[in-house]
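Below, chain A partners chain B and then partners chain C, in two separate complexes.
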Partner chain A sequence: MENMVNYNPSFAEEVFRDVDSGDEIKMCMNCGVCAGSCPLREHMDYPPRQIFSLIRAGKREEVLSSKSIMLCTSCYACVVKCPRDIPVMDVMHGLGHYALKQGYVPRKDTANFGKEFWNQVYKLGRIDEKDLPRRVFFAGGFIAGIKAMLNFMDIGLKLMLHRRMKLLPERKIKGVKSLQKMLDKAEGLGKGGAAA
Partner chain B sequence: MDKKTAIYICTGCGIGDALDIEQLKEEGTEDFSIDLTKDHPFLCAQEGVDLIKQDIEGEGVNTVIIAACSYRVNYDVFNFGQGVIVQRVNLREQVAWSQPPKEEDTQMLAEDNLRIGCSQAKNTELTEPFKAEEEYSKDILVVGGGLAGMTVALETAKAGYQAILVEKEDKLGGFLGKMKSTITMPYKELSDPGAEDLIKAIEEEPKVKVYTSSTVEKISGAPGLYTVDIKSNGNGASERVGAVVQATGWVPYDANKLGHLGYGKFKDVITNVEMEEMAAAGKITRPSDGSDVKNVLFIQCAGSRDPEHLPYCSSACCLVSMKQATYVKEQNAEAVNYVLYKDVRTVGQAEDFYRKAQEDGNIFIRGEAANVGEAGGKLFVEADDELLGERVKIEDLDLIVLAVGMVPASKPETAPKIKAPADAEDADEDGMMEVMPDSGFFANSALNLEYRQGPELPTLKYGFPDSHFICFPYETRRTGIYSAGCIRRPMETAKAIDDAVGAAMKAIQCTEATAEGKAVHPRAGDLSYPEIDMKRCTQCKRCTEECPFGMFNEDEEANPLPNPTRCRRCGICMGACPERIISFKNYSVGMIGNMIKSIHVPEEDEEKPRVVCLICENDALPALDMAGIKRMKWSPYVRFIPMRCLGSMNLVWIADSMSRGIDGILLLGCRHGDDYQCHFVKGSELAETRLSKVSETLDRLALESERVKFVEVGITDYDKIPVIINEFMETIEKVGPNPYKGW
Partner chain C sequence: MKYFLYWGCSLEGTGANFLVSLKPACEALGMEFEEIEDWNCCGASVSYAGANDLAIKVLNARNLAIAEAEANYDIVAPCSSCYIQMIKVNHEIQEDPELLKQVNECLAEGGLSYKGGIKVRHIQDVLYNDVGVDKIKAKVSKPLNGLKVAGYVGCQSVRPYGEYDSVNRPVVQDRLLEALGAEAVPFPTKIRCCGSGIFLPEIDYCMGLVKDILEDALNHGAELISTVCPMCAMNLEMYQGRINEAYGTDFDVPIVYLTQLMAVAFGMDLKKDAALNYNVIPPEGILKAAIG
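Up next, the complex of A and B:
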């Protein structure tokens, strides 16, 4: 058969070794409780359980370009329910991070949002509620940016009404240099090192 | 014995509020000679019990009828010793709690219950324990010297009893002796099998007598009185024992039948037993060229859970493969183990070792092997990966281990059946075929019993001994013969040890109870036993055929030869006997007949039907009591008569009832079939079979066959019992009153 999958343990070994929390996958017994409890299951191409099966089978391409690994919203439903105590959420983030590092962009919007979010936190020590959406919305061009802004207008007005969004630019927090040092250090602690 | 009978009616627990006690005393006892009738508001209190004791001592009362709660409660309170017959009448669960108070029908029910009890007490004799002429032995014979057998022998000795251990090989140890390591409690790491230590402990134990290179040629007699002929190294020996434990263990499923998995075709496809032997001998290598092993694939359920091979799960092979994967990793840390499984079944705490195997990086693939082949000197497996939903290929394999299941090592009494392959010639109508003992399995006979019903233990469909799996796991269908270890069911070492200890204790219990003339189980402590009036025996063989426990042997003229110590006191022989010549001191055809006759049947124009319910006292009666405790209501026209086992139901009772004008008969017994719940294995099934012949009797009496109904109930079915009764009453109403009323 042509399209028969060849089991290849090298990708599993790579994940165990290089992906943050990747070695936790070893303990998966494929019960599927993670998939069953995931609120985003219907938007995923492969549920977490199947991602783990694909890793074992050695399907590198499918795993690292799967949008599932970037859909996780950190709701912890799977972590709470996993009978094998696997931090499924951490594994998914680890895989997303690793995919980006390996040059895969499974979900452009998410990747872009993550990058902007990180940059802003790194620079200011906080999020600027108007600057972050602006950067994300206009990443796809001017017209798309205007459209997205109009879509979110109601929320924006409400945020301003409740003084959650200031008109002036946010200032840096005190001691942002120290924060940056901490973040640099933390990045170095991960298995994969700093993402691009 | 001259009976002096006293009735004590308790008026507590709502009985006094529901009934007219004075009327009950008068009406309920008028047909019987009763010396004393008293009532008390709280009979199970010290004051009430003292009242009875005073009468026993002062008045010489020796038969006490207690009309109060169910006999299933307060049996310890109302125990007045061996010399006093105690008869319980249920006025609480079956009357006061389940019927409307102060109604005519309720009162009539209570009166009938009291009459039934009086009649039963009248027909009950004091039991005298059976005592054999020969001396009883309390030694235990253990057949099989593997882990289970050795543990049984040691435990027996530790408890102070002599054990005789018979092993067919020239040394003890069995499969345990062939293992490199075992996984046992607490299931974290591999551990030493410890076979040498066990063998040494046995050799040093003076209370264990070991016969190696020996087989059991014949076991004759009965519990407490067995004579065992042993052939040891060609010489004969004879031992007297009280009980037997069969621990003959298992053999691996014949891998030669697993050609589709490459066994026999490729040298590097081996079974888990061969793998274990190779590991125990030293290094794991490729059998084809002796080279090192890097990639190993374990095929789980090789032949197991496959209707054409072994239809069941052996529950130990998953753990064995994980153990052997650990061997491979210990030998070469770079090695890759794949485990191709249907379901990982590491039962109970063994799950911990599954976790360890996963942590070690073994790769578990859920799916079934479709093709095993060779390419470039290495093996490959194609499998349907259930989780990926695709056909996958695992290449570059050095070794494939088939995790074959366990087959009972001894010859079963009936050949197990499996699904016949499409091209099989000897398939029966259901597409099944027998696995013949000559196919290399079950080849050895283990016990060679001198029983009329056959030389080995009766088996279930896969060749394992029949036992009541939940309630009495070690007991087989031969009283005094227990099974332990993998002959009972496939299991791993920790369970085999548990099993062995349990079986040893049961065997000791049996020798002690037998010596006192008591039944072992489930009627533990029962002193009655069946007695046969041989003068009227017609040699019909029904008792010798139907006893589920093989109590009777037969002589050349087909006369039944009873062995009372084999008996479990169920009364199935009593129900089987067409001449009605088998009876117990406190349970007989005549007694139940009289109990039915004591029921007052109202005239037809009173429009009060009467139904007799013969109810199994093991499961159905507790369920009925439970329904009473839950204050459920049912028809007041039903009279319950408890049976030791529904199998003791004699058809004459049905004819008797019908001819007396009873409108219907309801039989409540245990579930039967493959997952039977009958405490006596065959009782309820036999009752239903006999009942199928009752239509002849009904035809003869020109009655409708709907008047007799058999219903299976479980002990948890209390909520269904009122429904069953009321539905039956509707049927009875439909068919109308029994025309024999008033005759």
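Up next, the complex of A and C:
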């Protein structure tokens, strides 16, 4: 009997209830095809299949701090391949969102990038492609920001010289205020969990 | 053939050569475009960091609702991220009427509503199924004369729904390239992801993905790689120098949009219409040699 593991279902219930697409993992049969199809699997600490097992085993800390849940390139390979039709990508996005809400940072740069991306969408209704990287670079402090800027300056300059960078700041869409009202409503009505 | 053209944020910036070439090339085929009034960003694939799933759906439903109220045209989304974000909402509300109700509850805050009646199409879908290969062939005045092109499909332009092409063995881009007189070289990584929207924050991991794709295309004889996605184009073209430094390779292969090749093969202006001067790795030499 010493090999018995006491599964704690409370985290799984939390995931089913509060994480977008979280209840989809009930269908997982742990075949691992999601991992096999994932372009960044070799960089993950736990491939999706194992993340789902950890959820069932109640390993909250391991799951919400795992870098895997924010290494999704959103390529839909796992979604197409899953024999149980689980939208694996949506589950990973849901977990990434939930982890950040709960104060975890599974992947710093991608988290900053994604948050800034959404901030711009919310504030402008559009993305300012030159402002976004700048904000992400400087999210780690001034010195780190300067270093990152210099590191990517060559690419920025080339894009600019080849007319692939808008020079003027992106303007707000006309209906930005009403868009924000819609998004606020959705934030309250949808899943995703309250901040810890 | 009238459509809404939802070009999105990237096609005004890093993907400008896509939009500049798409308009004249498609209009020459009889397509007419209208802009969706006051459109917003689709949220792409990283917005989950800041927003819940419903908010991202509502974001896309706003564009759909505005279009639906305006006219009964299909929406053409050339950017694969815009395409997938919009088409996803449509699929999910069809499966789940409760979701449509929720989406509409949110849209009502801005005085909008969506019935779910607008079709979202990828540019390849429209070119292949509405225009057709024969009509495209008939428009070609400067055929690409067997130029070996690797048609890089990537991910979100066909996955996960496979509306117009196979998700496992897509052929549409190859057929379109062949219509222009090019030879579409087969290469297995044509449906592998390039890192997409998280390339920049995860550059150390994603460079390897692009390296594999470039290597595979070149090993199969490609002189040029074509794409239909602004993220693919950006990641495959702009980081070749970085990849060469990291892996000791010597990549210097032009990455062009399918629509740029169309404009070239239709005998249009190489700068004004085909926007070849927007490319950082110049494709002019190879293309001029091909069309003779």
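The rule is short, and it goes like this: the second predicted complex is superposed on the first by the 184 of 196 C-alpha atoms of A that agree within 3 Å, B and C clash if a C-alpha of one lies under 4 Å from a C-alpha of the other, contacts with A are read in each partner's own complex, and residues count from 1 in each chain.
We take it that a contact is a pair of C-beta atoms (placed from the backbone, for glycine too) under 8 Å apart; a residue touches a chain by one contact, two chains touch by 3 or more.
The structure displayed is predicted, hence computed values, not measured ones.
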Which superposed partner A:E187 touches (first chain B, second chain C, both, neither): second
First (chain B), second (chain C), both or neither touched by A:S74: second
Touching partner for A:G141 - first (chain B), second (chain C), both, neither: neither
Touched partner set for A:G96, first chain B, second chain C, both or neither: second
Chain B versus chain C as contact partner of A:Y7, first or second or both or neither: first
First (chain B), second (chain C), both or neither touched by A:S53: first
Partner touching more residues of chain A, whether chain B or chain C: C
Partner chain(s) touched by A:I127 [first = chain B, second = chain C, both, neither]: second
Residues on chain C engaged by chain A in the complex (per definition of touch): 9-10, 12-17, 38-41, 43-55, 57-59, 62, 84, 102, 105-107, 109-112, 154-156, 159-160, 162, 167-168, 192-193, 195-198, 200-202, 205-206, 209, 238-239, 241, 277-280
Interfacial residue positions of chain B with respect to chain A in the complex: 336, 338, 344, 354-355, 358-359, 361, 363-366, 382, 385, 387-388, 390-395
Chain A residues touching chain C - in the complex, by the definition given at the top: 20-21, 39-40, 43, 70-77, 79-80, 87, 90, 93-94, 96-97, 100, 107, 109-115, 117-122, 125-127, 129-130, 133, 136, 154-155, 158-159, 162-166, 170, 173-175, 178-179, 181-187, 189-192
Chain A to chain B touching residues, read off their complex: 1, 4-7, 9, 12-13, 16, 26-30, 49-50, 53-54, 56-57, 84
